[in-house]
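Everything below concerns the one structure shown next.
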Amino acid sequence: MSVFPEPLPDLLLEPVVRLALLEDLGRAGDVTAALVDAETRLRAAFASRRAGRVAGLACARLAIQALDPTAAFEILIPDGADAPAHTPIARVDARARALLTAERTALNLMCRLSGVATLTAAYVGAVEGLPAVIVDTRKTTPGLRALEKYAVRCGGGVNHRYGLDDAILIKDNHVAAAGGVAAALRRAKAVKGHLTPVEVEVDSLDQLAEAIPFHPDVIMLDNFTLDDLRRAVALTRAGAGASIRLEASGGVSLQTVRAIAETGVDAISVGALTHSAPALDIGLDAE
Amino acid sequence: MSVFPEPLPDLLLEPVVRLALLEDLGRAGDVTAALVDAETRLRAAFASRRAGRVAGLACARLAIQALDPTAAFEILIPDGADAPAHTPIARVDARARALLTAERTALNLMCRLSGVATLTAAYVGAVEGLPAVIVDTRKTTPGLRALEKYAVRCGGGVNHRYGLDDAILIKDNHVAAAGGVAAALRRAKAVKGHLTPVEVEVDSLDQLAEAIPFHPDVIMLDNFTLDDLRRAVALTRAGAGASIRLEASGGVSLQTVRAIAETGVDAISVGALTHSAPALDIGLDAE
Amino acid sequence: MSVFPEPLPDLLLEPVVRLALLEDLGRAGDVTAALVDAETRLRAAFASRRAGRVAGLACARLAIQALDPTAAFEILIPDGADAPAHTPIARVDARARALLTAERTALNLMCRLSGVATLTAAYVGAVEGLPAVIVDTRKTTPGLRALEKYAVRCGGGVNHRYGLDDAILIKDNHVAAAGGVAAALRRAKAVKGHLTPVEVEVDSLDQLAEAIPFHPDVIMLDNFTLDDLRRAVALTRAGAGASIRLEASGGVSLQTVRAIAETGVDAISVGALTHSAPALDIGLDAE
Amino acid sequence: MSVFPEPLPDLLLEPVVRLALLEDLGRAGDVTAALVDAETRLRAAFASRRAGRVAGLACARLAIQALDPTAAFEILIPDGADAPAHTPIARVDARARALLTAERTALNLMCRLSGVATLTAAYVGAVEGLPAVIVDTRKTTPGLRALEKYAVRCGGGVNHRYGLDDAILIKDNHVAAAGGVAAALRRAKAVKGHLTPVEVEVDSLDQLAEAIPFHPDVIMLDNFTLDDLRRAVALTRAGAGASIRLEASGGVSLQTVRAIAETGVDAISVGALTHSAPALDIGLDAE
Amino acid sequence: MSVFPEPLPDLLLEPVVRLALLEDLGRAGDVTAALVDAETRLRAAFASRRAGRVAGLACARLAIQALDPTAAFEILIPDGADAPAHTPIARVDARARALLTAERTALNLMCRLSGVATLTAAYVGAVEGLPAVIVDTRKTTPGLRALEKYAVRCGGGVNHRYGLDDAILIKDNHVAAAGGVAAALRRAKAVKGHLTPVEVEVDSLDQLAEAIPFHPDVIMLDNFTLDDLRRAVALTRAGAGASIRLEASGGVSLQTVRAIAETGVDAISVGALTHSAPALDIGLDAE
Amino acid sequence: MSVFPEPLPDLLLEPVVRLALLEDLGRAGDVTAALVDAETRLRAAFASRRAGRVAGLACARLAIQALDPTAAFEILIPDGADAPAHTPIARVDARARALLTAERTALNLMCRLSGVATLTAAYVGAVEGLPAVIVDTRKTTPGLRALEKYAVRCGGGVNHRYGLDDAILIKDNHVAAAGGVAAALRRAKAVKGHLTPVEVEVDSLDQLAEAIPFHPDVIMLDNFTLDDLRRAVALTRAGAGASIRLEASGGVSLQTVRAIAETGVDAISVGALTHSAPALDIGLDAE
């Protein structure tokens, strides 16, 4: 895991931050701001009420600077690092009106992304020392996929495909429609692009055996028992599939993930990383 | 509570659904779709793996019809009603390619919104028979505020302000900047629009007493103990503030909410409704 | 009235200014600009051909700086203040090509907004010394609502609701559909959000009497005679409605507004402020 | 004049109508709509409170159909025709909620455009029988230029250039920068596109004489006295400029326009057509 | 090769078609359309002046139906098939004004995409019978990448990566920055996502030998002589790299491509497919 | 020809550059960038592999500065000038990651626009010394019309109309629909705007004779033989049409263009300038 993952360029973050700000500003802007003198500056720090993994600082910075281009934003604990409770993560110095207006947008983004990173880090921690990586899914928040997948990386996870266009992932419905695993894989090889990876979901050891000769990049073992996962690993590694990656999927929780990793699979995909991570409770405290 | 809340017009939902679809389609669209015959139709039903409150059916319909305008979508359990586990919520009949391509977008929206509605319904259920209503906050997902606030209504909750522009909400920083509760309220009355509501956050009974004579529409009692909440209710109802609504805020959980409601407050605001609701696990099953 | 009203953040103005500039630039940009040397700078001043109330300086600044980020823009008479005829309101120093290209967009916005502010100031002046405030309506220019409502504030007016979502305003058709004033107000109270204000339009003293017990925030007295307005004020103030605000509407002109205000109503709404204000004739004069 | 001018395609109108609707709907949509039963339909007619020239019916139709695609919209008095007071212009049959929600947007567009058409028709009527046409300017509402110029055509007027890119219009500042009328025209001929028209503004008969030999398509006579206009016409027609069109500009009002037209100029440009036309007072009456 | 490649969903095509139409319509729409009677319908056929491979019919259909939703559009020679010269490819029946207005947009898209498909088909034909596939590059027209890559598929080509985010492609600058081929590949494996393919560009047989042990998905042989290409194939197939795909790049033309393919490489990438394909000369002929 | 044509304002270029960048960045951004150290800077130069006319430098600058606002960009050979092969056109100094990420977008735009300029310059050179100008058409790349027309100017060409709204161009279908050339021109004069130019396409000397008395601004001689072009010039110049411009169209190539120009026509329109110009092969070389 890279503690400090490659950040997304501002160009990709700005439309999201802008949409979020405009959603909060509405038509008339912050009607409470008039209670604060226009010249007042405010110095404040972001801190979490409980320990967690940080993600999303650039969003907070962009939200504040969208309203006050002169705002200073100093990062103390960067994305991908662990923040203890009640410890400054970043410090900001800005016009008070701009800061109070941007505060909720900045926090909404940071709390959600840090929540995703924190839950991911918990899963990654639970499999420490084992070869399996924790990967995310497409069960992300509409409009925030790139940001949430970045947060997964901040948590030490690894990204699965980004959408419907960057990998062929053959699921049960496709298998049924194509007339079996072999037929589906044969057709996938025929239509795929020069670099398009191919993954197939299998529900049984029989389907696994059918898939291995086609050398897909990844085989997803969906809802396998621990015993069957072990058998699947043995079956695949034994023969021609040594270089195929195996991904366990389904029924994964913080309680079960280590046992799954111990079966020897290469990756474990967890939808909850993005669809059910509670927000990390970060606040902005005036100093 | 209205079991079947007024739906948002498609005109407001379409940009969100479209953004979500395009995010999943990427540049090249669904590269796995080619495994399914172009003419095949699919009939499938949405059902939840556990009981929950439904919200977001229109989003699912729009996602599917964006790819297949001829798709039929029949609602069996409408938004705002309770869905038992493993029971069809809606049935769809569409081109198989379109349905498989739109499936994840439809589910991502429905699962999140139904998750919000389900958590809200739990809070609303916890205070049943008491006058207090459950209200949401601005701690929503960037880009989805209107949809999540609608989901809160589906759960029986009541919406707080939609953003920074439709109510003056005087928080501690504003009070500090304005020089006290009285000064802040006086200025708020002077600058507010014809219909702009005014709410003030107070941290103590002293601040409450200072606020009452200005007759704000709502006073938020932030992090009050149960005893202080009771005293606040008594103080406000006794005097000139009989028509002021009191909102309890801070430290609210499913364990504590009934005791808070029993103090006699009019409303209890709960950020977790939108920032930490786990997704409801809805799937789409071919029939 | 605040002489210098809280400005809208640039973030809300920029899309409007950008749209206006692109509309004027078309596909090919300013084809006359080539007649001016690329290096030439121009110093010019905005001034009105007749006295009026200023509004919209930020729009002019943004239009010019969109084409020349180095342009200097000095405000001499700010938004919300009165500009005598032929007196510099603001001074600009910019690349000549950029200034000539942006000139019409800057003026179109400033002339319109100052026109609204000037007409509003005339109405506000006409009721000077009386308690009634002048409020605007939703009869605004498509795309410019936030700016025109800001211009109303520059003129000393007070903003009515911003749109269909920030207040319940029960009109005659709603009353008819709901089965009477009482039924409509009862339903409004049941479905309204935590902070949503409620206003009802009444056409007669009978309807007024029916509305008062429901304590809406505002009652609009539509097309009442002066005598009936006086009776309405007496009736409302006498009883339980002391805190309800009364808004007179219909048939308001600069000739009639003072007599209306003298009846004791709290507010007078005037659609003409935004739908029929003549532009203030501001020009940009090279110095 | 064409009584029924070529309509703008819906593709150009839809973005404007959509922007206007979204501006009114805000985040939450029409919160008063819940007072009306979802199934109720409403039949209503557009009618003006005073006689005027109709423009903008397509906008009204698009606004209503954006919320109720099944709405019927029957035109009785088309764009470009005169509507007597209190006479149905169009009749609509739609879901009541959709109609009440779209009503203000539909009216805001129709009232403004019909206001422009009505004022234009007054100017056109004032010069009846004379060869001069009434032309508009770029002093239009930001975002509405194409619609307002269409409204001018509905009023019998003729459109001037649409923006900075479809004609070279050499104004006083350009003349100054280029070093005189002749130099400016020489340079314009050198840089202009294959079809780009050239117009030059002159302030005196001397400048006019300087311009004629370059055969610009149009010469604008800015703020000329009636006597000088007559001299300008004679001077131009006498010599090589017989085919040059002459446009009078400045100081034009309904009182002065006929005298100006009688000087023999080809066109009279009037900024007030679009920057100061009062809205036509059209309403929507339930039937 | 699939003769009839999976079409892009209309949802991805519509924004491009709409942008193209609005670019042609400008502010005022088709000012020549008024010369045609509004009720006239026109029946016409698309046909090419020379033989070519068809691509982009859906764009033509969408352009016409955007202006006339009732237009009929019948496909005679589908995307991916060969059209002889002067033979109807598709037939359209629409309102004459709409068809004449949309004609140029429809043709601009079809001619360009069919040009790309035709050139691709020429390259594919030149390597017929050999295992090498023809792949495209990122040298596409800004805004049209997905459409041009679809056109490549229509021509029988295979798509390379869609952009910077769906594959790691290590070029010479990356190799230099990372400190050599081995170091770059080691780092790529460490940071890549679960399914991210890895390709590396090598300039020499030495670099190739350095790359093979890291088993990238593809190795690009940049500007290799034919002899070196043969040696590269032998070196790679001989050892551990049997499953690595080899891509030849640089100096490819219709004259050289067959010889390159005969070296045994798996793929040949050709930038000219998209950056220099002449348009296919398709016209729309009234019938 | 102006060697250094008036540049388009950044405001018009930015949306195109941004769209192109986002298309290349996709959802996740440049996943190869992580191989380069975040702090590394790179100095590089744009140079063409063959001699050509430069166009589009501002696009390259904007693409790079969108990712690194601090990037320095020095122009050595400006738009509209000739670049020898292998000679630095511009030099850039930027963060290495930003530069490598923006490189393809910058080049895609510059190569295409310089390709258009280079082909245009070839046509312009071929008619050197003759009065005919080379004009473009509407056969441009969707989304890039303004940029490609600017590139034509960089090549010494002259722009034809920009779209359907800035000139009436009567084509054969319009003539047929209107009932002949005379009828079409009569109607065009009646409906045209104050400054709208009128051009008519004629297919024969008879049609030409019919058109001359209506004095359109331009007559397009479509697919005339050289003999007929000469006759057309004589016929038009002899009589009342001395000031009408004649445009030859159809069958124009670098081989035929000089002979066409020698017939005495004023303009020759060439669709290939924009629809079939091969890209100029510009690269970015690290220094």
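Read from first to last, the chains carry the letters A, B, C, D, E and F; within each, the first residue is number 1.
To be clear about the criterion, a contact is a pair of C-beta atoms (placed from the backbone, for glycine too) under 8 Å apart; a residue touches a chain by one contact, two chains touch by 3 or more.
Bear in mind that the values here come from a model prediction, so they are computed numbers and not experimental data.
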{"item": "Labels of chains that are neighbours to chain D and to chain E", "value": "A, B, C, F"}
{"item": "Result of counting contacting C-beta pairs for E-F and D-F, higher pair", "value": "E-F"}
{"item": "Chain pair among A-E, D-E or C-D whose interface repeats that of A-B, sharing over half of the contact pairs by residue number", "value": "C-D"}
{"item": "Euclidean distance of C-alpha centroids - chain C vs chain E, Å", "value": "53"}
{"item": "Euclidean distance of C-alpha centroids - chain C vs chain F, Å", "value": "45"}
{"item": "Of all residues in chain D, the ones touching two or more other chains", "value": "6, 23, 25-30, 33-34, 101, 145, 159, 162-163, 165-167, 191, 193, 196"}
{"item": "Overall pattern in which the protein chains touch one another (line/ring/star/complete/other)", "value": "complete"}
{"item": "Contact set on chain E toward chain D in their complex", "value": "18, 21-22, 25-30, 33-34, 66-67, 101"}
{"item": "Sites on chain D touched by chain A in the complex", "value": "23, 26-27"}
{"item": "Partner chain A, residues of chain C touching it in the complex", "value": "6, 8-9, 11-12, 145-146, 149, 159, 162-163"}
{"item": "Touching residues on chain B, where the partner in the complex is chain C", "value": "2, 6, 133, 135, 158-162, 165-167, 190-191, 193-197, 199, 215, 217-218, 243, 245, 247, 267"}
{"item": "Interface residues, chain F side, partner chain E - complex", "value": "16-17, 19-20, 23-37, 40, 42, 96, 100-101, 104-105, 107-109, 111-112, 115, 138-145, 162-171, 173-174, 176-178, 184, 187-188, 191-193, 196, 272, 275-276, 278-279, 286"}
